[in-house]
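Got a structure here, written out as structure tokens. Questions coming.
Letters A, B, C and D mark the chains in the order given here, with residues in each chain numbered from 1 onward.
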Amino acid sequence: MTAMVNLNADMGEGFGAYDIGNDAALLKIVRSANIACGFHASDPVIMQRLVTLAKAQGVSLGAHPGFNDLWGFGRRQILMNTQELEYMVAYQIGALQAMACYAGDPVTHVKPHGALNNMAATDEAMAMAIGRAIKTVDASLIFVAPAGSAMVTAAHRLGLPLAREGFADRRYEDDGTLTPRRISGSVLADAAEAATQVLRMVQAGEVVSRQGNTISMRVDTICVHGDEPSAVVVAGAVRQQLEAAGVAVVRLPDMLAR
Amino acid sequence: MTAMVNLNADMGEGFGAYDIGNDAALLKIVRSANIACGFHASDPVIMQRLVTLAKAQGVSLGAHPGFNDLWGFGRRQILMNTQELEYMVAYQIGALQAMACYAGDPVTHVKPHGALNNMAATDEAMAMAIGRAIKTVDASLIFVAPAGSAMVTAAHRLGLPLAREGFADRRYEDDGTLTPRRISGSVLADAAEAATQVLRMVQAGEVVSRQGNTISMRVDTICVHGDEPSAVVVAGAVRQQLEAAGVAVVRLPDMLAR
Amino acid sequence: MTAMVNLNADMGEGFGAYDIGNDAALLKIVRSANIACGFHASDPVIMQRLVTLAKAQGVSLGAHPGFNDLWGFGRRQILMNTQELEYMVAYQIGALQAMACYAGDPVTHVKPHGALNNMAATDEAMAMAIGRAIKTVDASLIFVAPAGSAMVTAAHRLGLPLAREGFADRRYEDDGTLTPRRISGSVLADAAEAATQVLRMVQAGEVVSRQGNTISMRVDTICVHGDEPSAVVVAGAVRQQLEAAGVAVVRLPDMLAR
Amino acid sequence: MTAMVNLNADMGEGFGAYDIGNDAALLKIVRSANIACGFHASDPVIMQRLVTLAKAQGVSLGAHPGFNDLWGFGRRQILMNTQELEYMVAYQIGALQAMACYAGDPVTHVKPHGALNNMAATDEAMAMAIGRAIKTVDASLIFVAPAGSAMVTAAHRLGLPLAREGFADRRYEDDGTLTPRRISGSVLADAAEAATQVLRMVQAGEVVSRQGNTISMRVDTICVHGDEPSAVVVAGAVRQQLEAAGVAVVRLPDMLAR
């Protein structure tokens, strides 16, 4: 059986006259796009353009819901109750589903953004709220969740399709969490090193921690970032390395269909 | 064949801590609800509550998209190009469709709000943009448009299901347009008079203009307002009068299914 | 020397078409108004109206800055860094100062709103950030802070004029904090009881805690709420009782001028 | 007497994580900055940074109020009544005044942005509304208005200090209005040509129209744009050419003090 993995990236995170990221370059590297839905970034015009561009590149569509916080780009924690949070996520999924009609391609996954993602990674009530939103709107949507997070548990409990996510360019701790950015060496800026880490996750289901230990890390999808030009280079190297090693880089729905 | 008509009202137009209108009272009178979608009013929590309440009363669900203008409650004209406008409407329809999943009831119609509705009533390019948004997201959605407006033409051109709308409490001019509010007598505050006007539209397909002439006015649905307590009384009287005259007051999908 | 105290209330917390609270009734009872500044509530039109109404009633003007969170009415905690928070507060003070030019009356105090107020009551860094904003914009502005809070400390450290605030209708714990609302009896709905509590704070500088102990509680201003009609009754009773007991109810600047 | 002119540019038009324009480069060329105030662009953090940077370069501070339209970057016409518009402008001026306290430099001028500027250039009621906002908040603020526009008339009627504005890189029609962008040759992309046009305005008070006629064009300030790198080159060439010709390039307050 051929080894497979998905590559995903956040996209469509501009707003109105503002542009950010490297969507065009990333669309040629990844196989699934997490598209901002108008709360932490994006607007209907950008969403329409992104779904069309992604479709043209054969990239599968995902919703990337975030907090209602354009000023903070969804990176600020906002404390709301779980009902508000659930409906906020459902609303954003629906908005992208409508825009996806312009591409004639369905939305097939959901990946929370920024502070929402970070909080729900450890907060079970938030993870379940996001899961319920997904399940209510479309129970066939794939919940993309950091490997080992509370969202993985929520997906299991709710019976949702799940894609466990690993990071190409981030170091891991012994307990499987990401090394905080304030610690030196938390980001792998070297493309070769990132590609090696990804390959080991995909082929062996493990990663070498910052502490130097080999820990279990089974992943279905790898997140690559595009905020800086260098990140695009890393992403490209990761894909090339994966394919050189015979790993198939596929869309999320194909990943879970095996 | 039994005479039929639909009654519709705008709802869910609060925001966060703010409430407005008489949704609970109107849900007992009308058969179709136009639910604000978060741009001129409403939020995900209100939308979830409204679809659930409407479902419980057997009231059919419609999207009520407006300009991105909470401060102006969607009553200010905003000049954007037709692509922006089209995608803005599509986004809002999708958002409500997702929230409607909480009621297990589909969205079955779309009626633009405020300045968007007024502008598109006479602006063909805007009317077509709204129509394209509806057609792209779900070509079976009923386009609720003022009788005789450019949106009626757009619905025909695009092959969309159409419900022509009349007003219970507004006077008409000889040319079939509404008498401007600045003209005395433009609003029918008297419940009996409003009910009589509606009955004539439904039974005879005509209305008596401010100038005293009988003009053609074929309608499928009647809009009642709920901003003031008196408006709810008028709406109740209209429904009672219709039923007393043997007119069936039905949901929008049933209206068009005949 | 005559005993004195100030009564303050939050006002102008509507938005666009939305109204909330009982501003007209409260303006006849209190002597200082905390006016929302457009972030958690209010808009330029409401602010202009409020400063004019307050001036006409001889009520002194204060800024009531909150988080940028209209949906959550400023009641949701948002985690931003202290620089962002400081500039956000400064911006709102300036906005109200401009609107106060329409009344020809200066802004004389600042009282944070909702979650911002609750967080800064115990978070020293936030309290100092708010204090620095006040000091930078106008070092003569009175910082209204809950008695015993971190904002009192911040006002002292920064050399800002300070008004310590007590609550008419809330029960206190032995440590001087407010009894959480989830605990039965945390709100004094009885007007006479509220008035008695206020009188004791003003005349003796103490309050009887929920646990039955007499604790120190020196206050310069009393906050009354206006969200419900009953609250207005309580506020009116408090003022009447104070004046019957010979306590002068004065504007905030007069309170500190003694 | 030495010939003088001011150079101004729009700045601080990013938002949160979004950046736009070339503020750093422009601050070395112009003498007055029009700083966005949080409605069409900018936020408290950006405003604080800009006033500090401008102060460091000896650039005078101006408010650049726009419509409440971040999505449309203030370029969409929004139809509101003149009271709403007036208070919206006053609010934004006050917000920047507060942020300017961080630089210890006063706001000395006001220049409307985008659609607001374009509409008020020909709409007298809007021009007067903006003028009243300026006069109410600070009657010593300089109203920067396109030469020949309704805002020039409003400034005269209200007795406000006025700076008439010309454009370096735009062609004029015989009637003194700007050649619409849709007409070929409406933008002067050539730096030398732009500098020549500016020099003639400043030294002779005239400009050669698209039709080839010499028309009167007395200006106090020249607007340069910074949206594209080429625009910065044009701006730099204009300043160099002016100084080479012995024209003093001064701050707006110095321009009017002569």
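Criterion: contacts are C-beta pairs under 8 Å (C-beta built on N, C-alpha and C of every residue); 3 or more make two chains touch, one makes a residue touch a chain.
Computed from a predicted structure; not experimentally measured.
Trainee: Count the C-beta pairs in contact for B-D and for A-B, then report the pair with the higher count.
Mentor: Between A-B and B-D, contacts are more numerous in A-B.
Trainee: Could you work out how far the Cα centre of subunit B sits from that of subunit D, in whole Å?
Mentor: From the centre of subunit B to the centre of subunit D is 44 Å.
Trainee: In whole angstrom, what separates the CA-based centres of subunit A and subunit B?
Mentor: Once rounded, the distance between the two centres reads 40 Å.
Trainee: Mark out which residues of subunit D touch at least two other chains, giving numbers and ranges.
Mentor: Where subunit D meets two or more other chains at a single residue, that happens at 71-72.
Trainee: Counting only chain pairs that touch, give me the topology of the graph as line, ring, star, complete or other.
Mentor: complete
Trainee: Can you list the subunit C residues touching subunit B in their complex?
Mentor: 14-18, 20, 43, 70-73, 75
Trainee: Sort out for me which residues of subunit D touch subunit C in the complex.
Mentor: 38, 44-45, 47-48, 83-84, 87-88, 90-99, 101-102, 136-138
Trainee: Could you pull out which subunit B residues touch subunit D in their complex?
Mentor: Residue positions touching the partner: 68-69, 71-72, 76-80, 115.
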